[in-house]
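Take a look at the following structure, please.
Labels run A, B, C and D following the written order; every chain starts at residue 1.
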């Protein structure tokens, strides 16, 4: 139970047990990542040996192949594309989404509940179902292999989640706060920007992180819609899957490398992440 | 150039090969000022070894070519989607695309006929393995130049066989006998590794093993020594999964299950070769180029102890290995002015010198007789002479996996339905009957009959 | 009914600052004690220690002689009414009232009957299906009260329950709490910072300040015989005036000099000065409540000359604030005879009600 | 009246960009897919021929589609159940006020950020029977090797475990956030009302977390229904179709066999299925942010 000051002090045993259990959980979470990095460092025969080798002579061959030698474009171009597309789509999704969420929360008109559900329903469809229609659509407007194509797609995929989460947050803001500002002569936009947005900062942070994770990791559509100019890290990764199997070392190296940026991005917003995910819990 | 019938080809090719072998090929870089002279070539490639080698030596390649090489590498499914989507653009985004042998049936509508270029450039096309060259020959058009075609052949551990006094397995009975004898004879040793994973892997296994038992999965016209993949007409599209050959094939696969390593139901492609390389199985079906996994790795247990045979033949089948692998083709929506450049790059990338260069970096494939006899190449990749011999004896063919647009559906249906039988969830007969029904429905939906 | 004893209880949140310092206090069985004090005086910490919501740093709390320090709050069988009502936001009124009974696994019909009964006594029967956020402050506190009463506990703890209510509602609920106390005879430990409320509702008042217990007693004792200057200033709704004073010890008759006034000191009052040594210390302070002062036009030896600066109407009376060399004095006079600001007046004290404090603020008069 | 009209104008101005983007990028492809689903459309081969509801009829009789829906339902049920139960318990674990717990929580959230396709490969590697570390551990403990990806009954649960590895921390995070927002006074009230720890948990904590619980369960159901990377990397629907979830069968038909009409019909049916389920879930459970 949430311990109050009186109880926490006495129960050091409970604290020790809790810490122990937490470490086990973290261990389970990190073990696959440990496997990922060690596989990237192992030679071919070490990777596929039975029994699995725990102590091995690390080789950077996979990393060298993955990052130095590879292809006409070096990996930095792919990284740049990924960062640009993820950042732009996250900012757009959270920006447009917060406006829409505010409008839905503050001006409930007839059918606003249905509109909210309709927006959420756009999240149900798995991207794999609509690869070809989306490709043909973007091609008809000449957006194939452009950053804009992926930015628009990821924005629209994230919008539904952002609007849905932030709508709850805006609904929590006491109306009096905003009415006071209105009386003081703020316009509606100023109220939104100066009063409402700052109050939902945790929500913004949480939705930003989750949108960024989606955009950063999306694999299938990125492979189809882009060729070279706008290709992202997942497209770079698919270059390592041959028809007869996968280049394991390189695959793991790129996979491990791909986690780092998103992790750093999250560390900045981590404090807000917790308060940002309190959907609808009773205040 | 008028191509006589198949027969004369083989004789002429053999004669040329002997002559070519005399002058040992010094691996020299391409002609001086480079084939690109400043231009940019855009290639859509698969992540297979030859293209990965190109990526690894990308700097030198551009230097030799004297221009920039844009190499977009994709996985199998994504590549095919990109090729088909690219075909619908009015101007192609790529100068060269990579095509897998069975895909010619599907792509032949939008590929350039290279026969004219072959003739005008004086390319020594007969240096190529006959099955490789004709693999891209459809509706009297040469739609692609082989760059990494290699057959799926049969590898076995010579040391284990000698130890157990077993004959080299040329027939399926011998395979089963050897597998039974060797399975479990050593700690962690299974009889045989093969593609048992659901979907495309098992689907391809079925088409090939049925070929070894003497019949393709669809009713193609029989020709001397095999079946005609050059022109498949609608009446050839009838599936033959309820034939006796199909039952023999099914029986053989069910038997194999008894002598397979753990996790066979999920084993596919390189994984079987890796288990074989570590000494996990005594025999394995293997795409010849993947022998590099153990041939080039000092501490692989199987290194230097492996010999190769064509696919073991069924009771009244034939010893014929299935050819697969990659060709370079030019999409026909590539503007005329780019085609010469595309051709000269193709000619260069598939030249004997370049093919020898690829073998230095782990691509043990050389579909040219001249390269197959180069001592250095053979030292690096022992499998190459075996493949060369099989090519010369006509033990390699491309018809087992019919190059028709529905090939992927064929793999999927066979690979999904028969997996039920392998996993014991359905009897082999029912699985074959269901596969036949679904293939029939697919062909009817496609409008063949 | 349980008898509650605080035996030298202290509470320290941080080693340096003590929220409550060796408090010793007894609440007789069935009595209604109100702890009164400004905010931050340690009254809520005291209540929370009794409730079991705070740990006790030193000392012991006993109920009917049994040590309660280690006993969990759940098993102390006290009913508590919270300042912010502490209603379960996810339950309707019925659910809130029923919770204590459900905790005791009481059969469903029995719970329904008792909830009906309590709802009627507290006139909230028609709110039973509403959620707390749909109720007004008064209604919410009635539910809080209901939740405390519904189980036949013998001890009530009330943490400033009426703090957030409008005046008329406070009056209403005050009388109801008092009535319920008489009806159930439960021992009640009530805390508030409003002395009027304290006086109206409780039998005894304990005044606290800065974590220490100043004095316990009924309102009259606190008014007339405050143990120190803090209690004198804190108690009484009309603010007391404090003026420097001294006692002339010459023979004839003892006199108290406050500023220029010389006030004869009766024998009886003199005897009340328990400890003459502290008198000798010289500097004293006199405390006079406004209702113990009368204003006159003519000066007199025992009157203090002042000038009126403010007239504050309080109900039907008027509080005159007058200043003079000795300091500021407040006097309560009927509104119609109130002098206007600027006039000079002469204040006369009711000698029997003058309070005297020594240098440390301790009341040096000992009521017999 | 002017005030009301002005308010609506602002609302419209704020919502329209989002609606525009969603309609253009999400809705148009869905409508286009419906159009495709009414044709026999094999990609790249010949002109699509109008076929009316032939694809939908085929779907209805196609046993493999039915099995895929069942497998998907089974996967979603077990994945969400495991992720919720463990995630919910972890939320309480990480809620214990101990030094260092906050950093441990931040590390535990890491799996969410891993690329699913790479996570799939890692789990394939760990579950593998020929070089997998899990099977090695098992044999160490004396038992036989287990066909995590090849045993008919175990395969789906291996995929569930891999999915849970990545998404349980998300559930934990949401429930942990909800726990932080519970007011302290309610627990004091519960103590004074005499509720023991168990009663407090069931009668106070759980009911107050209900809105968050429902939302996180809905989110996980919707998202796990879309899972494809793990099957793509680990089992390709094997053994014998036991892990062929709907998105994978859709990938095989729409992306490998390129039978677009049939795949589009499947996609549209899938979308309808999920929308109906979510509508039921929302109405029966009655959440949404306005009746908190």
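Criterion: contacts are C-beta pairs under 8 Å (C-beta built on N, C-alpha and C of every residue); 3 or more make two chains touch, one makes a residue touch a chain.
Everything numeric in this text was worked out from a predicted model, so none of it was measured.
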Query: Imagine subunit B is simply missing while all the others stay put: what groups of chains do you get?
result: one piece
Field: Number of steps on the shortest touching-chain route linking subunit A and subunit D
entry: 1
Message: Suppose chain centres are the mean of their C-alpha atoms. Which chain sits farthest from subunit A?
response: C
- request: State, to the nearest whole Å, the distance from the C-alpha centre of subunit B to the C-alpha centre of subunit C.
  value: 97
- request: Compute the distance, rounded to whole Å, between the mean C-alpha positions of subunit B and subunit D.
  value: 39
Statement: Between subunit C and subunit D, the Cα-mean centres are separated in Å by 60
- prompt: Mind pulling the subunit C residues that touch 2 or more other chains?
  reply: 52-53, 89-90
Query: Could you say which residues in subunit D touch two or more other chains, in rising order?
result: 43, 130-131, 183, 188, 208, 255
Junction residues of subunit A, two or more chains touched: 4, 48-50, 131, 246, 282
Field: Touching residues on subunit C, where the partner in the complex is subunit D
entry: 51-53, 72-75, 77-80, 82, 84, 86-91, 99-100, 102-104, 147, 151, 157
Residue ranges of subunit B touching subunit D (in the complex, touch as defined): 77, 80-81, 84, 87-88, 106, 197-201, 261-268, 271, 274-275, 278, 280, 405-406, 408-409, 412, 416, 419-420, 422-426, 445-447
Statement: Within their complex, subunit A touches subunit B through residues 43-45, 48-50, 65, 69-72, 131, 135, 139, 144-145, 223-224, 227-228, 231, 235, 238-247
Message: Taking the touch rule as given, give the residues of subunit D at its contact with subunit B in the complex, in rising order.
response: 40, 42-46, 64, 128-131, 145, 147, 149-150, 152, 234-241, 244, 252, 255-259
Message: Applying the document's contact rule, which stretches of subunit A touch subunit D when the two form their complex?
response: 1-4, 8, 14-15, 18-19, 21-23, 25-26, 28-30, 32-33, 35-36, 39, 47-52, 92, 96-97, 99-100, 102-109, 113, 115-117, 119-134, 136-137, 152-153, 155-157, 159-161, 163, 167-168, 171, 188-189, 192, 213, 216-217, 219-220, 233-234, 237, 246, 248, 251-252, 254-256, 258-259, 262-263, 266-267, 270, 273-283
